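Quick heads-up: structures coming right below.
Note that subunit A is present in both complexes that follow, paired respectively with subunit B and with subunit C.
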Partner chain A sequence: MMTQRMMPATDIQIAICGSAGDGTIAAGEILRNVMAGIGYKVISFDVYPAEIRGFGKCIARMRITTEQAYSLKQRSDVLISLDDSHAIPHVGEVRDCGAVIYESGSIRPVPEGGHISAHILPGQLPYGVPLRELSEKATGANKSRNIVALGYLAGLFGLPAQPFIEGIDGKFKKKAEVARSNEAAFQEGYAIGQATYKLDDVSFEPVARSAGNGARVAMINGNAAVVRGCLDAGIETFFGYPITPATSIMERLAAEMPKRGARLLQTEDEISAISATVGAGYAGARAATATSGPGLALMAEMLGLGVIAEVPCVVFVSQRGGPATGMPTKHEQSDLHMAVYGGHGDAPRIVIAPTNVEGCYRCAGKAFEMAEAYQVPVIVLLDLYLSNRYETVSFPARPPFEPDMTRYAEKGELGEGYKRFRVTEDFISPRAVPGTREGMHVATGLEHNEPGRPNDQPENHQAQSHKRHQKLKAALRHPDFTHYKRFGDEGKVDVGLIAWGSTFGECLEAMHKARTDGIRCAAMKVVMLSPFPAEAVAAFMDDCAAVLVPEVNYQGQFANLLQANVGRRVERLDRVPGTPMPVEEILQEIRRLTGRIEARRPVRVA
Partner chain B sequence: MNDFARPIFLEDKLPEIRDSGRLDYRSKTLPTWCPGCGYFAIVDGVTTALKREGIANHEAVIVSGIGCSSRFPFFVNTYGFHTLHGRALPVATGVKTANEALTVVAVGGDGDGFAIGGGHLPHACKRNVNITYLLLDNGIYGLTKGQTSPTSAQGFRTPTSPYENPDRPLNPLLMVLAYGASWVGQAYAGRPAQLLDLIRQAIAHRGFSYLHILSPCVTFDKTNRTYGNLDLQVRDLPAGHDPSDLQVAMAEAMNQEAPALGVYFRQERPTLGQALDSLVDKASGSRKHLAR
Partner chain C sequence: MAPANKPKHHVVVGSGVAGSQAAATLRERDPDSRITIFTLSSLPFYNRYDLPKVFRGRQDWREFLVYPPSYYEEHRITLRRNCRVANVDGRRRVLALEHKEDVAFDTLLVASGGRAYLPEELSDFRLLMQRFASFTEAMGVRKQLPEGGHAVLLGGDMIGLDLARTLVDTGYRVSLVTGPHTFWPHEVSDAQRPVLLAALERMGVVLVDGVAAGGIAAIEEGARGMPARRVVFRDGSDLRGDVVMPFFGLVPSVEFMLGSGVDIERGLLVNEALRTTDEAIYAAGDVCQIWSDAERKYRFYYGWKNVRAMGELAARNMTGGDEPFRPAQDEQLEIRSDGWLHSPFWEYE
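Entry: the complex of A and B
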């Protein structure tokens, strides 16, 4: 049965493009918060240069919908130019009958190819606004052009002014004067926008605020969701070292953890960060660190110690373009091999990867549970797109995480004969943390026997290696966790998509488009990457005439992992544009695959 | 009179050893060190110090790196974490930060602490994390069979410097004084009574205490840092040495031709734990009791 997806009543994508310093990202932030506050669902992703100053291009893009979207659209409905030289190449992304809002005053230096109005395509609707003049009129300076543009947008599309005024107040709450002058700038733009005769077909349908069931709704990005997950799971220590794009996790935790009596320390490097995290985990705390690929590379050896010494801890890794310093502000999913296999020796660990912002929250909290339950480091694999993109997320009223899942050694097990690494039926050994009477033992990076003393005998190494691998199988059934999930058509399908991380959003979008074209299509997200849910993935593949794995790395790292675990070949779509996978490319590949399948079908002659 | 003329029998020593109470802190694992190694005296010093300071076995954690000296935790009946080469200090920082009620002692050698782990030491010192670091310096890599270490003398011949060590040795005491350690001392494994006293002071100090312990490698160094040479070289810090004066401490540290034993420097200042607690107060939160 084909289930028809309801078309959202509102589905508008707005792009604001400017130069670093124009307030592009700030305007985007206010807009997305206001829209989420009004009750729309928003997904938004900003692109900015690696340099703090200079004249790099900044783009704030957001898609505003009635129902939560999974990815940005290929085409924007509205483009606001705060800097023509940067915005001109993006005029093409505006759809037919979409709007382009730009500075109508004179511009110096004139960008290559002239004023942006010379580039607007037939069918696109131009709205020239004297942004600078209005800004100067309202504030005496041209710095508030971004806010004038916001006002114009709100006026043009008939949005209420009050939420914007509140949003501006919130943004500049520390500087009352700045807030006041920006309010004036907004009003100038708003009045002109209201007075403008609207020709485009972009329209915001009214939206009902979702009924409150105690849930907390917030407009946040993946890193902020990770922070909420950590706090709701009762994180006790965090040791970290700044690195793009993970830094904001540490920054937010630094503000929040002391309020809860928890401790955060900036260490001298990533090796120290993971070492202290493993130390704190050994001492019984809920401990975490956060980094990106280069930091994970430095942490590899200590993660191995966490595995062999069976220490619970959590490592958040937000991937960026690599290798080496690579592309620090660009999106990529190329650290999967390292997360799953990185380091020397047989060092099995748990790796989970959320696919959206809400998933970041869930995975963050669940990671602490899993680390404790299976006594192992857990890597939560994020990516730049997921870390930085904003979505409207509703959080449960009560944190859905267990406060402590440690299996503690009981009185009878402690004392002189206490075996910290006892091979039990489910391979999980009862723990004693420092401070526990009669629980003294040594945790060591040397291969050890059940009591924890160094032992390199063949049967012992076999037994302890077996234990460390087998105990993780239970993680595949960890309670209240979505290890994988199937979407789209049920039963046999022409094409099945399998994806991980943020790319799954693009896959869902492509799947929905393909189904409207009449292609039978399904998509499976895999959140649990290690240990790998091979049976479920294989069962899904049985239903698919062709399986396509789109991912943002060159090697097809997830496809490699999948093939190694399932033992079957898949079609790959590997792209490394430094940006999210274009939905259009996935769709093209789906069409190609269905075309091939149809050609193979025997032709019945009447 | 020569004491060596009279043999010492274990039975004669046992009552004294029992009375010291240090056996309560010895594990059943026999040390893997060579006969004559100075580290035996240091294990005795640590176990006796824990007893005398009244620290319960389950409330002490010994964290070590990798090397001969880093096998230490296995021979002591407390909690222990035998970690990675060079990483004892950050792991110990994590343990202490997670549970301030624990007494945390980091143990490592000269290679572990000043070569591979050298980057962590300044930060442990400046943060004043409330742990004790025992640096067991034998001037050689013993566990890998006698290669040059960061504290090996210039001209020293080892399998990795078969002609001679072209490097000058580091001056660890001068370094940790400059890094801002709040307690700095030096001991010698050949003077066990003083060693015990210094270990006790180091553990009792509130803040980061660094005790440098000179100890010969009897197997791989027959010429340089031997008991015979060290016995002649070491001296006590001058009577009246003022451990609150950093400049005097540094001046003494610069003369390691004749290494002085004793407390070089001592300072009371807020520990990392106290500094983190003050953040909790600033954020107006309530302190969590991390110990479970």
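Entry: the complex of A and C
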């Protein structure tokens, strides 16, 4: 029997849109932290311009719910405009009876139709607020328009002021004067909001705080979760070169690692970063680097060294729009081929891709375990949406990661006859890190024999290649790791969704909506991309009349990977909008497939 | 003036009965034109005559809408809410909005209506009084007035008396401080007045002769444990209630037309075709005074039927017509067979 999912009591998406310098992202940060602190679940994603200089568009979007949501909604309930020229194209995303809050005044002439009031649809509710005037009244300057808008929002929707005051204090804790003036700005907006008759039907229902179980609840984005996973897993070295959208991983680690006696170095480029990471991994440290698609391309050669020398290390790759410089601040999932296959020679590696922020934490920690357990570089494939998306995450009280999973060479294996690359029953060889007494061996980029000496004989190359591939199969059973997971499972269904990375959130949302509409639909997320869990995926496909793979790349890279491993055809939904896949589009495709299945279903004659 | 092949831009200021009817007629008669309505309201056109129904359980603004929001898109009418017109330059055919946006027009209809008049001696107390001219104001009264509570109505024009009959009918107490505006805009003779007041009393309205009390001296907040408001009269008497609401008729909203080049008296002066002294600018509804050949003067015409007829006629004349306004509304107050007062201004379709 199909289960009905309860609709969340509160499910409100707020978009704040402004120009760089308007404090758009800062206002979003305060709002999402406050709402998470009150006890709501929050998913948030910021969009900002690629250009460092200038006044590009910034949007902070957040979905605030009382029950867990899995993606942002296509339509917002509230839009706050801090800059009409940027916000006008987004007015249409506000639903009927939703609210548009905007600056009612103007200090310079506006061209005809250039004011947001010309674009607010009759079904939407306009709230013009003199943001600039109120900011100037409260602070003597217009810089706190964003905070006035926050205050207005809180007052209009009956949210408590105190958490916002604390949130503002927290945001500006190093600048007491700024904090004070922003508090005043908030109060100005709050008073006006409270006095305004609320015409929209946006309503925040009270939220119950969950009972404490020792878990640590945090409002955090994907990159920050990666950092927390690294730290909880005991990362010892990190080498990196900044690149959007991975940079904040290095920035956060740079602040945290020295406190724990760990080392971080910003290298001169990505080649140096991966070289040093492989070196540190070889030396026995838990080592990682982080980059994006262009950086991964540069790292391909040294990753091959890591594969052939069987060096554990972790590479975090946050994908963005490509190829080349492409669209650095736009979302895409188009580095899957490169992550799984990129580089020269047969260079198998482990590739895992979390699907949500909590998954970023777990994948980050587990990547170190896997790198050690299977003696191979592990790529953790993130994407811009996941890296920058904020979610309320409950972290376990104790880190769920093993501190060391290395299969060290035992005493009897060391000495003159030590074979660092011995072909064992499970193809994982005994390892000796540099400095191990009687563990001296050669590690080289040349093909080598079991002791590690260069050897290009056909039988040896065959055996070592086989070993390097076969040992990874055990990763499909790596303990306490979600390699894949089925959702909405009740046996046979009409449409099954299979997805990876952040797109799975949209798929899950679409699945729930489809089921609410009475469509028999299930979903499967695949976290372990290489080696590929072909049997589990095939079993899921057996239960689905049609399988749809939505992903944010043009080629259908995951669908290619799936078909290559499972040998069956899937329906593809490949889009490259630079933004997350719209749930509605997935839903539309589900409906189309359902219609096709219905049309083919034999008619029972009474 | 737009070139012959360029669609005209008809601009309407005001989204009440006159403005909305005009927009509908303009669309009908000039299918290719651009039509823009500017309004101070946050809501699309809703029926203000229905506002007393907030006391009969209707508290969602959507129930008051005359057209669904989709109507505007379907009829290609741009509705711009929360927009205050700052001034109009008739010579340049440009209207300036308060947020510093200039909008060019080919024809302009001013249907900005009127706002509640408040005698100067009461203006100091305006924060202690509740207005009832918009949906949000109506809901404000609904919120402040407790079930079975006491409303004090000052003046008592036909808008106020319409509310009074609903309040009485729904279990509230109503005191009416009478004065010269009690039957506005009806013109009532000295002989008729006591008869009409008696009808109000029969309806359940408690009358307080404000003139006899020397007028209102002050309006105060009620003391703790007492009703929220206190009206103090010059003779020392007082009246306590949960809300105090002024109803002293309307004054035309014409401030933004000062400097536009058109003739203004109390309202915008228009000829029988509702055209102002600027051939591209028309006016309709409570904002305009129409020349009456019969009476040899400019006069206001009130009531839903008149206002709608004006909106329609103005639109016809803006699109090539040249017809005179003919009042469509009976203006006589009457006492019904059940003894209750009835005003034709309470009627609408």
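Quick note on the criterion: the second predicted complex is superposed on the first by the 597 of 606 C-alpha atoms of A that agree within 3 Å, B and C clash if a C-alpha of one lies under 4 Å from a C-alpha of the other, contacts with A are read in each partner's own complex, and residues count from 1 in each chain.
Basically, contacts are C-beta pairs under 8 Å (C-beta built on N, C-alpha and C of every residue); 3 or more make two chains touch, one makes a residue touch a chain.
Owing to the predicted nature of the structure, the values given are computational and were not obtained by experimental measurement.
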item: Overlay on subunit A: subunit C relative to subunit B, clash or fit; value: fit
item: Contacts of A:197 with subunit B and subunit C, given as first, second, both or neither; value: second
item: Subunit C, subunit A and subunit B - angle at the middle CA centre, rounded to the nearest 10 degrees; value: 140
item: A:36 touches, of subunit B and subunit C: first, second, both or neither?; value: neither
item: Which superposed partner A:434 touches (first subunit B, second subunit C, both, neither); value: first
item: Dominant contact partner of subunit A by residue count, subunit C or subunit B; value: B
item: Partner chain(s) touched by A:105 [first = subunit B, second = subunit C, both, neither]; value: second
item: Subunit B versus subunit C as contact partner of A:454, first or second or both or neither; value: first
item: Subunit B versus subunit C as contact partner of A:96, first or second or both or neither; value: second
item: After superposition on chain A, the shortest CA separation from subunit B to subunit C (Å); value: 52
item: Interface residues of subunit A shared between complexes with subunit B and subunit C; value: none
item: Interface residues, subunit A side, partner subunit B - complex; value: 236-237, 239, 255, 258-263, 265, 267-269, 271-273, 275-285, 287, 301-302, 305, 309, 404, 433-446, 453-454
item: Residues of subunit A defined as touching subunit C within the complex; value: 96-97, 104-115, 117-118, 120-123, 125-128, 197, 199
item: Interfacial residue positions of subunit B with respect to subunit A in the complex; value: 29, 56-59, 61, 63, 66, 73-74, 77-84, 87, 90-95, 97-99, 101-102, 119-120, 122-123, 127, 272, 276, 279-280, 282-288, 290-292
item: Partner subunit A, residues of subunit C touching it in the complex; value: 42-44, 61-62, 69-73, 78-83, 97-104, 136, 139-140
